[in-house]
Structures are given as C-alpha cells and as structure tokens.
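Shared chain: subunit A. Partners: subunit B in the first complex, subunit C in the second.
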Partner chain A sequence: MNHFSLMIRNLTRRPGRTISLILLTAFLAMSLFCGTIVVSSLRRGLASMENRLGADIIVVPAEAESKASMKNLLLQGTIGTFYMDASALEKVRETEGVEKASAQIFLSSMKADCCSVKVQIIGFDPENDFVVQPWIAESLNCPLGDMEVVVGSRVETDVGNNFRIYDRSCRVVAKLASTGTGLDTAVYCNMNTIHILLQAAEEKGIFHKIDSGNDSEVVSAIYVKVLSGTDPGLVNSRLNGHVRKATAIRTAGMMTEVSDSLSGVSRTIAVLIGAIWVLALIILFIVFSMMVNERRRELAVYRLLGMSRKMLSGMILKETALCSFTGALCGTVLGAILVFPFTTLIETSLKLPYLAPGAGTVALYACIAILVTAAVGCVSGFRTASRLSQVDPGTTLREGV
Partner chain B sequence: MQLRAENISRRYFRKHGEANFIEVVHPVSLTLESGKITVLNGKSGSGKTTLLNMLAGLLNPSEGEVYLNETNLYALEDKDLSRLRSEKIGVIPQGRSAVDTLSVYENILLPGILYGGIPRTEEAENWMDVFGISELRNAMPAELSGGELRRMAIARTLTAGPEVILADEPTGDLDSDNTAVVLTAFQQAAKAGKTVLVVSHETDAEAYADQIYHMNHGTIEQG
Partner chain C sequence: MKKNVFCGLLLALAAVIAIGSVTVLGPCVHEDGSEAPCIGAGRAVLIGGCALAILAVLILFIRKSSVRIVLFFISLFVAAVGIALPGTIFPVCRMDTMHCRAVMQPAMVILFASELIVSVCGLIVEWNRIRRERA
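This part shows the complex of A and B:
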C-alpha cells in the first residue's frame, strides 16, 4: 500500500461520490467540446462558402423563389431546376461594370445509380467559368472532357467509376474536397455534357421547357464578377433593369444573411454552454461542500496519524484531479461520438454551411476541453481541500462529526 | 522519551454567557517519563481530552509550551510537527477513528506508509492476534462493533511503534477481558521504554499506573 493505492482505494470505495464527480466533469467537457466543434464547423463552412462562391452577383430567373432556391441549393443541396433564356448571358456581359460573366445550367437526376437520392447536376463552361473551375483545378489537372463529371465529396462514388444519368453513362474523373455546403452533393460537367443530359431528360419527360426561345439554349444562373473599383450595388441595379425576366442577387447580401444566422446560432450555443457550465459548477460546488462534511472525520484520522495540512490538501487535490481528468476524458470522447456521426443531421437542422475541422484541430480542441475542464475541477476542489486540511482532529473525532 | 508540559492552558471563545471565553484547561505543568504509565482520570468535561490533544501536538495551547525531550512542539512548522507526531507520538482518540474506505488491516498499516515507509506487516499481524481481531482483517470499519473498532485503533498505534502513546478512554468500549489485554499491552510498552499516558474516567487503569493525576474543572493534582 502506498499513497497512490490509498488514493485509488478512497475513490473506488466511495463509488457514488466518485461517479458524481466524473459525471459532472464529463458533462462540462462534453458541452465545451461539442459546442466548440459545432461553432468551429459553422465558421469553417461559412468561410468555405465564401471562398467557393467567387462571384459578386448571381443572376437567376425572376421566379418568386429564385433567391431562396439559390440559397437552399448552395447551403443544403436542395434541387434547383429553374431556367431562363440563354440570351440573358449576353445581356449581362453587355452591362456596364461587368468584368466577367459565366453561366451554369442545373438539372436534377431522376435517381442516379450512384445515389439513393436525386443529385444536382451542374453544367458549366470551362472556358469562361471563374467560379467552379478554380475549385475543380484542385482535384483535376486536365480539362474536363465530354461525358466526364466531377463529383462533390458526398456523392457516393469513386474516381474511375461510371454511373448513369438518364441512361447516359458518365465517367467520374475527380472528387472534390468537402465544402460543408450543398455543393458537396452536386455533380459537375461541361456544357456539352449537360446539353446531352438535358436532351436525355427531355426524352424522359423530366426537363420542363421554358415558355419561349430555343429549348436547348437555356441557363439556370449567371455568375458575375464586377470590374475592380465598381460598386457591385450599382451593377446589380443595372442588371435588374437590363436583363428581362431575371433577378440579380448580390452574393454579399446572401453571405450576410448566412453570417447573421451563424452569429445567432453561435450566440445560442455559447449561451447554452454558459448555462450548462453555471449549472454544473453549482452542482460541483454543492458536491464538494457535501464532501467537506462527509470526509471531515476521515481526514481528521489522517491528521491524527501524522499527515501535514499540505499532504492532506495534496491528497484531496490529487483525487479531485484524477476524477476531473477521467471525467473530462470520458466527456470529450462521448462528445466526439455524439457530434461526428451526426454531422449531416446537425447541418440539416441548422440549415447553415457546416464543415467539420481537420483531425489536428479536433485533437487540439479535445486537449483544450480536457485541460480546461480538469483545471476547473481542480480549482473547485481547491477550496474544499483547503477547508478540510484545517480540520481539528481531536475535536472532530471526539464530537463524532 | 520525555513529554513535558509547561503551564499550558486552553481557552475557547463563546458567543453567549457572562464571559466571552471559557478556560477549559487552566495552566497545567506535568511530565510524562519514558518507561512509565501515567493515568489521568477525572469526570467527563473536566478537560482531560483537551489536555491530551495539547500534549499530542494536535491542539495549540492558549498559553504555555509542550516539549518532546528538548523539542518545543508548537514552535515547529506544521509539516515538521506532523512528521514528528507520525514518527514519535501515537494517539488513540475517543470515538471512531477508522478510515472507512480502508479495511481493518489497511487501517492498521496506514501510519507506517504515510511518509513512504515499508508497511509493518509483522507487527500488524502480532497486534491483531493479541487483540483478537485477526479474523476481521479484511472487514470494513462499517462492519465492526465499537469494541472491535477500539481494538483496531489500539493495534494501529502499537503497530506504528511510537515512543509516546497517548490513549484517550482506550477501554471505554471494552469488556473486562479485553480491558485487561489492552492495559497489559500498555504496561509491556512502558516496560520496553515507551512513554504512556492513559486518560480515563474509569478506575481500571489505575492498577497498571506508575503515576496518577486527577483532573477536575481544568486543573490537575497528583493522586
């Protein structure tokens, strides 16, 4: 028997007290770790979305839900199939203050053999594109050929596989890095491919023709970059006046909305974590106060047998530290088990871009959560250790306290 | 070893009553010599336990000094006094004094390991045998009677082998047979050169005493 085994005996033979301390600190660590991971993922998601968007203005058909549809498509991968006449692209390019404009065509799959649900197919023009191409270039170092596709990170297929869309076989040539946005569930192809797929969809009666113009000459959205030094708001107004049956949306506004929502969610999470910590600290304080009374006699015996006040404080602090550390470790592991498998659920519930941090950052957050919680547990126990070390053994043992 | 008290007294503050403090022990001087059993008797509330706690280095006197040979106990830092008590002074207190999370055997070995020493297992086995608690070695204190707990506390003190033994009502929970066993053990310890003080309100211990003090209302007189 030595000091360490004495400590272990004290802890294991008082399971109720020990488990309460471990559970409380586990609860603290879990709330801290999960909250940090969720807020961090939301911030990364927003940053990723800002990086990927790359345009100042998006022009979409003037249907009532277009703006919401566009936002939902970007954030949640909601299928968007809206079209306008392709001539809108020329009108946009002609507008004063526009530096670059690039069109995209959206088509939803019926049910591709890669996926259990419909996926968004996005056709873009590699020659003029400045939105998707830089992003794709990170995963594909050659031009995207006809009937070749690049898939988002959450599309369940691998590079080199073929899968069929509307009975047309497409070859997967690259898989993109995760963005935490709805773009992770999309499939990207060039304009030739998308026209072939539109034709195939029409043969199946899926593609709805627009009211006027050439059926094959349609676009879903036009991404606009304004000239440097030009006010995007002014260009946005010009586009709204110049392009018929279309609405120009400033991406900054869309991002501000997302950013505002994210701030709201972050604030709510921070308040929740704060409330949990206050509650848990109050309970921790009560548990420690109860411990002062419960252990008074036991610690009087240690003093009687020759333990100094410092040794006694040290023993209580070591016990508290061991419980706190164990609790913090369990809480963090439990937090990881809860938060990571449910990433998609969290993302869907919050309706915000959500990109989980890398393993290194997660490990760092885990270490911080463990250390902060263990430290808080020790600090809470310090007062108890200090009070208990002052116990007067003669009086305590005689009074039978 | 000689344990000497020089004019030690103890006062306690109190919120109610005519005076704002009560002197539980009036200035007392006494010397406990090695190789002798000293018995301190007196009625309950006469100040015996307070005096014992002051002699044991557990309770600061309001005035006066306590010396173990030439060492002034209360001039020492807490860590030095604690270590000295651990090595030289064994106290058997009134009431329950077991660590509830340790078994009987672990409780008995406890004093020996506080400062990293080797557990005194042979001595522990011997004293458990002498006091008839060998069969309870793995029992937890909550399972023991008052008399068994008392014998465990005495075995724990004797196992540690201190130079000074201060026992507060050591036979209070014991029947006459066990009382005789305990007092004989103290007598043998004294014969081996230990300094022994037995505080008791009963008369059993007086037959074993080399010197007797009587305590009444905080003052002592030699019997």
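This part shows the complex of A and C:
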C-alpha cells in the first residue's frame, strides 16, 4: 500500500471527521471568495459611475427633491419625471464659470413591450451633449437619428428590433455596455424623438405640465461642466442664485455620498469575513487538538511498523492539505453559484452601483481564495502533525492497555 | 437510514421549490393586479416541485431497489425539465431587474440542478445496492 492510498483510507475511515474538516474549510473559502467578489464589484460600480457621470453639476427642478431623486435615478433606475422651463438652459449657459451645458428630458414609459415595468426614457441633444454621447459612441458610430433609440444593457431587446413606446415605434440602433447603475435600464433618444414621445404621452393622457412657461419646451435636467480652474462650488452657488425654481447639485457630493455608503458596506463585509475566519480558525485548532488524542494509538502503531517521525508528520500534513484543498475548492464553487446568478438581487438590495468583475479577475480571486484557505488549513494542521510525530509508541500503547 | 438519505434530500429540496414558488421565490406580482408574463413559469415550477415531492415520498416508502431506481430516474428527468421551466419552456419577464429574473429563475435553476445531482447520486447508490445483492 503506498502513502497516497493509506492517506485516502485514513480519510474515508472516519467520514464524519473528514466531512467536518472539508465543510469548515469550504465555509472559509466561500466567505473569502464571496466577500471579495462583492467588494470588488461595488468598487468597479463606483468607478463606472464616476466615468459615466461626466458632469460637475446637475441642475434639476426644485420639486425634484434634489439629490434624492437624482441619486435614485442614477443608482436604482427609479423613474424621474420632473420638468422645468427650457429657458433655464440659456440661463445656465450665461452663468459665469460654465464651460458646457447640456439638457436632458426624462419620460416614463407605460409598460413597455420589453417588460412589465416602466422604463426611463432619456432624451438628449447629440450636438451639445457631453454626458451620454461619449458613452453611446462606444456602441454606435453614426449619429442617432429620429425615432431611433439606444438602450441600456438591461433592457431586454436586441439591436435592429422595434421598441414601442406610447404606441410609437422606435428602432433600437445600439445597446450600451453595462455600468452597474440604474442607467442600465434606461432608453436614450434625441430631442426630436423625445418631443414626439412627449406628444404621444399627452395623447394617452399623461401630461408633463410645469407651473409656468411653455409646456412644449421643457427640460428635466441640465448637466454642467465648469471651466477648468474654476471652483465648482462657486459655480454651483451662482447657478442656485441665477436659475429660478431649480436646484444645482454638485456631482462630487453625490459621488462622495455613494463612496461613503460603499465604504460602510465594504467595512461591514470585511468585519463579517474577519469574524467568520477567527471563529473557523478556532474551531479548526480545536478539531486538530482533538485529533491528537484520538489518533495517538493509531500513529504509535505506524511508528512500530517502521514509519519515521518525518514520514508520519508528512502523512498528517498531506491529509490536512487534501481536506483543506477539497474544502476550499467546494467552497469557492459554492460561492460562485451563490453570487453570480444573484448579481441583480445583490445590486438592488445594496442600492449601490454594482459591476461584476471580468472572468480573468474572478478566476484570480478564486485561485487566491483556494490557496489562502488551503494554506491556513495546512498551517493549523502543522502543530498537530509535529505533536503527533513526537509520539512515543511504547508509552502510548502501554497507556492504552 | 443511509438508504433514505437521498430521498430525504430530494423531499427537502422539492419542499423548498414548492413552498418557494408561492412565497419568496415566486413570480412577479403586479400592483395593479394584472398578470405578469412569468406567472405561467411560477405555476410550472410549483407543479414541478410537487411532482418531485410526491416522487420523493414514494421512494421513501418503497423498499424494492428496482422500483426505487425507476422513481429516481423519473425524478432525474423531472429535475432536468425543471431547470428549463423558467425562461426556456415558460417565459419570464424580459427585463432582468424583475423579481422573476433576479430571484425566481436563478434560485429555481440552482434548486432543480441540486435535485438532479441528488437523483443521480440516489440512482448510483441504488444501482450499487442491486449489484451487491446480485453478487
């Protein structure tokens, strides 16, 4: 019988102990892998949101409940249908320190034919836009025509299909890459299309009235880029004073809030993983200590049969390594099964931008989780191996009589 | 006791599928009371879960290995069909933020896949038992 088959026999002879060790290490690997994936996805989501936002200040109608509405719209795709007079755009452009300003009009669909929920339709001006256009350019290399739409990654339709909104048919010309934010569930079109859709909505009895001004000339939000070297805070104050019935929000503040929430979640996950690891390590040490007493006589017999101390400790270490590696592998696979199919659920529950890492990064994290867990299992078994190899066969067997 | 481990697991998973399909793992519910496109998938999953539960109970009470093998084989088939129920055989909502896409479909695929693995294990155990008895 060679050493490997002896090791396998030792493990299968006590299935309860072996399964407990495998389960314990699987739990360690699963917590490490899942935690790393969630934290990394949150960080990628925040980076993606920062890249996509592109503006320093957003001007929205005062009744848009300022930050809350915009943050919910960006993070969770909550439908925002607030309007202000389009003349606000000119006032914003006239404000000192403003380099670029671009307006967007938001419209909520009724139940779109893609889905049984409403989707956010965002109309933008391709000539002046600096927020959506660079992002759309990654998927579409020609100008966005009338009655053409670009859809977010989560809107379930394909390029070339027709998309019906308020009984008007729009052709899908591009699908955007995932951002991990609420913008993935939006539909983008040019200003002519959004005005046609606003008209169609009115025909269906859905109005976008504003208190004053021309109802046909409305905007929902104005994205502002400030001149380089100008203090965005100062421009923000000027905009708040200059544009009536509107609120200017600094995106940096919004990003800081999201970043703070993300840090909180990351910290909680880190503390939980730490607690799980400390508990599991204590249990591992207890299990191995119990094993010392349990296997004393068995190992004394091996010594009598001619096994050296080195061979004995090597055999125990190999047994531990095999159990730890199997557990780490099972735990990582189980973690992947739990995390990846439920990405959308995690994202909506956390209410934070969430963008899962690519296959290469996931594979790297999986390897790290398996190696770290297996190494920790081996280290905790090392003390047991050295103690058991010191067993004096004569004394141990006499004691047991 | 060991003989019934796999049918016990089969029954527990079937119960999770059946109860889940009418509670937290069920199809979307519209506030206006209208029927969601995924309602059929939800009903099909419930029927699949109940069918697996009945099969598991039958396996639990039948002692003849050859009959148990046939029942495990049927449960394997039902579990394989169950994986394809939400999304492939029956439609679900098309936007992936919907409850049926975010929760029901992945949960049911995992649960039915687990049922399939348990059924395969049960089949192998019963098959080995028959071989041992014959030997």
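Everything below uses one rule, namely that the second predicted complex is superposed on the first by the 399 of 401 C-alpha atoms of A that agree within 3 Å, B and C clash if a C-alpha of one lies under 4 Å from a C-alpha of the other, contacts with A are read in each partner's own complex, and residues count from 1 in each chain.
As a convention for this text, contacts are C-beta pairs under 8 Å (C-beta built on N, C-alpha and C of every residue); 3 or more make two chains touch, one makes a residue touch a chain.
What you see is a predicted model; the values in this text were computed from it and never measured.
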Partner chain in contact with A:185 - subunit B first, subunit C second, else both or neither: second
Partner touching more residues of subunit A, whether subunit B or subunit C: B
Partner chain in contact with A:281 - subunit B first, subunit C second, else both or neither: neither
Subunit B versus subunit C as contact partner of A:47, first or second or both or neither: neither
First, second, both or neither for A:156, with subunit B first and subunit C second: second
Overlap of subunit C and subunit B interfaces on subunit A (superposed complexes): none
Subunit A partner contacts - residues on subunit B that touch it in the complex: 49-50, 52-53, 56, 58-59, 78-79, 81-83, 85-87, 91, 93-102, 106, 109-111, 113-116, 119, 140, 156, 160, 168
For the subunit C and subunit A complex, residues of the former touching the latter: 28, 30, 36-37, 93-98, 101-103, 106-107, 109-110
Of subunit A, residues touching subunit B in the complex: 1-3, 6, 9-10, 13-14, 297-298, 300-311, 392-395, 397-400
Contacting residues of subunit A [partner subunit C, same complex]: 77, 114-117, 119, 154-157, 185, 337, 341-342, 344-345, 348
